[in-house]
Amino acid sequence: MSLFCGHAKIKDNIEIAPGIYHMVLNCPEVAEDAAPGQFIHIRCTDALSPLLRRPISIAMADKKEGTVEVIYRVVGQGTRLLAGKKKGQMLDIMGPLGHGFPIPPWVKHPVIVGGGIGTAPLLFLAESIREHKLSSAGSPELSGCEDIMKTGNSCGKPAKEFIGTVFVGFLTEKEIFGAELLKDCGFKVEICTDDGSRGYKGFPTDLLEMYLNDGPSPSSGKVSPAIDIIYACGPSPLLSKVASMASRAKIPAYVSLEERMACGVGACLGCAVKSADGGYMKICKDGPVFEVSQVTDL
Amino acid sequence: MDNKSIFINICGIAMKNPVMVASGTFGFGQEYAGFYDINLLGAIVTKGLTFEPKAGNPPPRICETPAGMLNSIGLENPGVEDFIAKEWPHLSRLSIPVIANIDGDTVDDYHKMARRLSSLEGLAALEVNISCPNVEKGGMAFGQDPESAAEVIKAVREGTDLPVIAKLSPNVTSIQKIAEAAVSAGADAISLINTLLGMAIDINKKRPVFHRTFAGLSGPAVKPVALRMVWEVYEAVKVPVIGMGGITTWQDAVEFILAGASAVAVGTGNFLDPLAPIKIIEGLKKYTAAQGVRDIGELIGSAHLFTGVKSRFK
Amino acid sequence: MDNKSIFINICGIAMKNPVMVASGTFGFGQEYAGFYDINLLGAIVTKGLTFEPKAGNPPPRICETPAGMLNSIGLENPGVEDFIAKEWPHLSRLSIPVIANIDGDTVDDYHKMARRLSSLEGLAALEVNISCPNVEKGGMAFGQDPESAAEVIKAVREGTDLPVIAKLSPNVTSIQKIAEAAVSAGADAISLINTLLGMAIDINKKRPVFHRTFAGLSGPAVKPVALRMVWEVYEAVKVPVIGMGGITTWQDAVEFILAGASAVAVGTGNFLDPLAPIKIIEGLKKYTAAQGVRDIGELIGSAHLFTGVKSRFK
Amino acid sequence: MSLFCGHAKIKDNIEIAPGIYHMVLNCPEVAEDAAPGQFIHIRCTDALSPLLRRPISIAMADKKEGTVEVIYRVVGQGTRLLAGKKKGQMLDIMGPLGHGFPIPPWVKHPVIVGGGIGTAPLLFLAESIREHKLSSAGSPELSGCEDIMKTGNSCGKPAKEFIGTVFVGFLTEKEIFGAELLKDCGFKVEICTDDGSRGYKGFPTDLLEMYLNDGPSPSSGKVSPAIDIIYACGPSPLLSKVASMASRAKIPAYVSLEERMACGVGACLGCAVKSADGGYMKICKDGPVFEVSQVTDL
């Protein structure tokens, strides 16, 4: 596989929630090969400090348009520099890197659990699951989502079919993003906020737990097939709760992990995570998505 | 296209250009093969190998610092047998020299490594890492004392006919004394620098960032120190010097060559820009042409001319 | 407003906060007085003084490096008598401790300096620079060997009743051995690090940037090394440690304090932001308050607790 | 004296010639105290690389408007970062620093010699000389130049009086700046270019030499008083020629020197220049303007 490393033009870079940005890049090379759960590795400055690239998940990729989209939160030097970039400028990126979320052919009822900024790669995942399900159901190929922030009619063809269930949690109402896109992809979306400003007050894992105990949520109105796969991305407490619930319920579950990275390609052995069988796996190369039983310390 | 002016031969290792990739920053070569044809490089140095497999240190293993990074990988590697079984087959198919970087807990470990690897058809040289700061035993400790450095190099020398490159630690009072000891013990070349010993503290957790407290500092931040040590070693010993430490541009590489390096290695620079080694090779071609130099060997150590020391290659 | 929680007393030097300015980066105090009231500082350390005036090195004297700088000032200073006549009068009027940084070509020079300066009413302490890399004789050479380091400190000790601070060079294999030697010889505190020995080459002129070839590296680039050495010295000796090397923010200062520094000094950081020391003082006040610490002394060395070493101050 | 160190708002930052920028800063504190020949010390990035500030001469200061202007050429990392700054952003500056050009009360016929970007501080100098001459001649106070690039009518009141002579040299016509302002300040302006694309083909020091030999230039049309002071800023060959001509002609001459700086305030002893009496002076504190006899090695 040939990997891209070079400059991509910034088509857009806007603040979609306080401190959270949505950037659209023109990069057909990355868009072509990108799979949900993969990331790009971004050089935030030409200068030598901050020195290292920053990994950011691909929140959407459109092969036809040749665009790659990311959603990121400003937390430090690197992301602050990113937020300062303007439309039209060039950005030095590498990718697509890592192994993403698998979508097995037998998936009937996927459940996606997202926490905060961790929701970003799940948008691409949701879109891919929808495409996958519809195309394997014999439907004609669907056009991708043109712009993940144009809510309401983001997907070429709103899916009437039920594709799966999403539980997403945010700090507060203002920080919510992606919910409309998830709905348009045919997912039943349950939102929660830490402060209760919208939806359920609490964590998305609370909802997952109820759902696993009680079956389809009371408000769903229809009976869905049993959950057969769980995907999650978010802060580590969320991931460990998902992992233990999934293993209890014996449902395969995939989580996206984070660790400080240098190379991003498996060369430096810097982004280690303890594997279930002893040794260490590399998040950048063996992951960032892992089946929960592969990793310990979750 | 190949360019004779930057061809270089270091103690029998013939390279079409003087740009190598530093141990531990390029895995076993496959990771960067997606970005460019790695046969364009001068040479590849493998990740540090030990006799038995090593799991490495628990995370976190890296931490960014101003214009640099700390690493505490802890020599994670599959062990020499697994290397030979799984990595050597693809490495041996490359058209460029491959150098194995070796490490040990004991002097005997180094000797055994040397013997085992010498059996490999086509391996270009051994780089003897007596400078790893991230392991419990051996590593840097060997490289901080002329006698133990000599002991290790001698043990390797006795176990191999391959060229032996001693990789030195910068965490010493006199790099010249260590280099001299390594050469007396049989080193055919010296490579330096390995990482500077540093650390970082997490002020929220009020504890060191790394489990092993100390870690190795690399990257542009250390370049002035690395360059000085290359300069010093060039004046102290007669064998070729391989210079590394913070090289990210061809200008950096030229500085090292003028200071006395016969070849350079790109380490942390790969992380910033996977294409850095290739860009450096291109830059060196242009620089030698612009300087009217027909053989890059003429440039090696030539900055010493201004300080009354003659270039060894003139 | 003064804040008792960050008050600190180092071997008799009472400072209202642990933030000093490093020798050679703050002249004799007047240069930054236009920016803020320098009486807000914990203490001032003067530019390095020698017995006879020193002209210093020819330009260029500085060169920027990634997140750092090289300097080859060469201890330019007016000599101790001129200092006493022209600089001491205004320094002695400050309400904060003033520490004289002293240097010499010979052990006897240090002794004479100590005696001469001890006659000054109000001088707080002597910082003995056995670590300057930019001079022909003495300087760093004294600080690279435990015996000569001890000799110098002993000579100073015999010439003064003032607190004696040994300022160490990081260009050594074991900073612990040097620190131990200095303390045995009578040092009341250790300050570190002075600059790392580095160099730069002008690739157009094909010669070293500096006339003396080598120069001293300082600034954020060296912080991980400085922090590690403070950590090591804290574990080796019982006297207070003054930490410096790349401090530009209060977070940096906290790292040094947690590593074992009883006070910190801002050097190169002054050049980036003249107000850096003041911002660091404010940051330390807030940090101690946020941590619920009533005396910053409780934080000194507390990161060692996680590695099985008890804080000396608990 | 209280010195400013803080953030100033960028009012404008435009490319006035290829690779040459004109930046206007809002900074009443610096404007208030600024004298021609002084400089500001600029932090070009928030990051730690490039680490050090960059010294740039004050090309104009307007106390009333509270503005400070600089003209700079992009030569490396720092100036490239400066060129990327946008109107409205804040810039971290220190100043005004150093000792500028003296304007002795007896000055009758000042001559200004500028080379390339070295012309920048000479604009402020010209304006100050004009103000100084007119006010000491009893004229009412003049308003400063509002914008040094608005040529033609840049000074509040065009000076009919002859103020002095300027010789400026540029690489080529395109790089010329400041000439109109100098004329408006009442200076007779002789331009030369290295390539002859405008004015005399050659160096401004050639013109100075002719002038010193032949008296008022043939084209001047009127007889000026004898030159009684020379000011120069530009590349070092220009300065050394000016120095030797001035000392031969026994005319006091002031030049602005450059050296790499760290502190900019005399604290680090980094910017040394050999003084005529042995030791070293500091360009940032004792200069950057020196009387030519003070320095050796010119």
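First chain written, first letter: the chains are A, B, C and D, and each begins at residue 1.
Keep this in mind: a residue touches a chain if its C-beta (ideal position, glycine included) is under 8 Å from a C-beta of that chain, and two chains touch if they have at least 3 such contacts.
Quick caveat: nothing in here was measured; it's all calculated off a predicted structure.
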item	value
Which two chains share the largest set of C-beta contact pairs	B-C
Centre-of-Cα separation between chain D and chain C, whole angstrom	38
Rounded Å distance between chain B and chain C, as computed from the means of their C-alpha atoms	34
Gap in Å, rounded to a whole number, between the CA centres of chain D and chain B	49
In chain C, residues with contacts to at least two other chains	65-68, 219-220
Multi-chain contact sites of chain A, meaning residues that touch two or more partners	48-50
Contact graph of the chains (line, ring, star, complete, other)	complete
Residue ranges of chain A in contact with chain B within the complex	1-3, 5, 43, 48-53, 92, 94, 259-274, 278-280, 285
Chain A-facing residues of chain B, complex	24-27, 31-32, 34-35, 47, 55-69, 71, 73, 76, 219-220, 248, 268, 270-275
Chain C - residues contacting chain B, complex	65-68, 70, 144-145, 171-173, 196-201, 203, 206-208, 213-215, 217, 219-225, 227-228, 231, 246, 251, 254-255, 258-259, 287, 299, 302-303, 305-307
Sites on chain C touched by chain A in the complex	66-67, 220
Sites on chain A touched by chain C in the complex	48-49
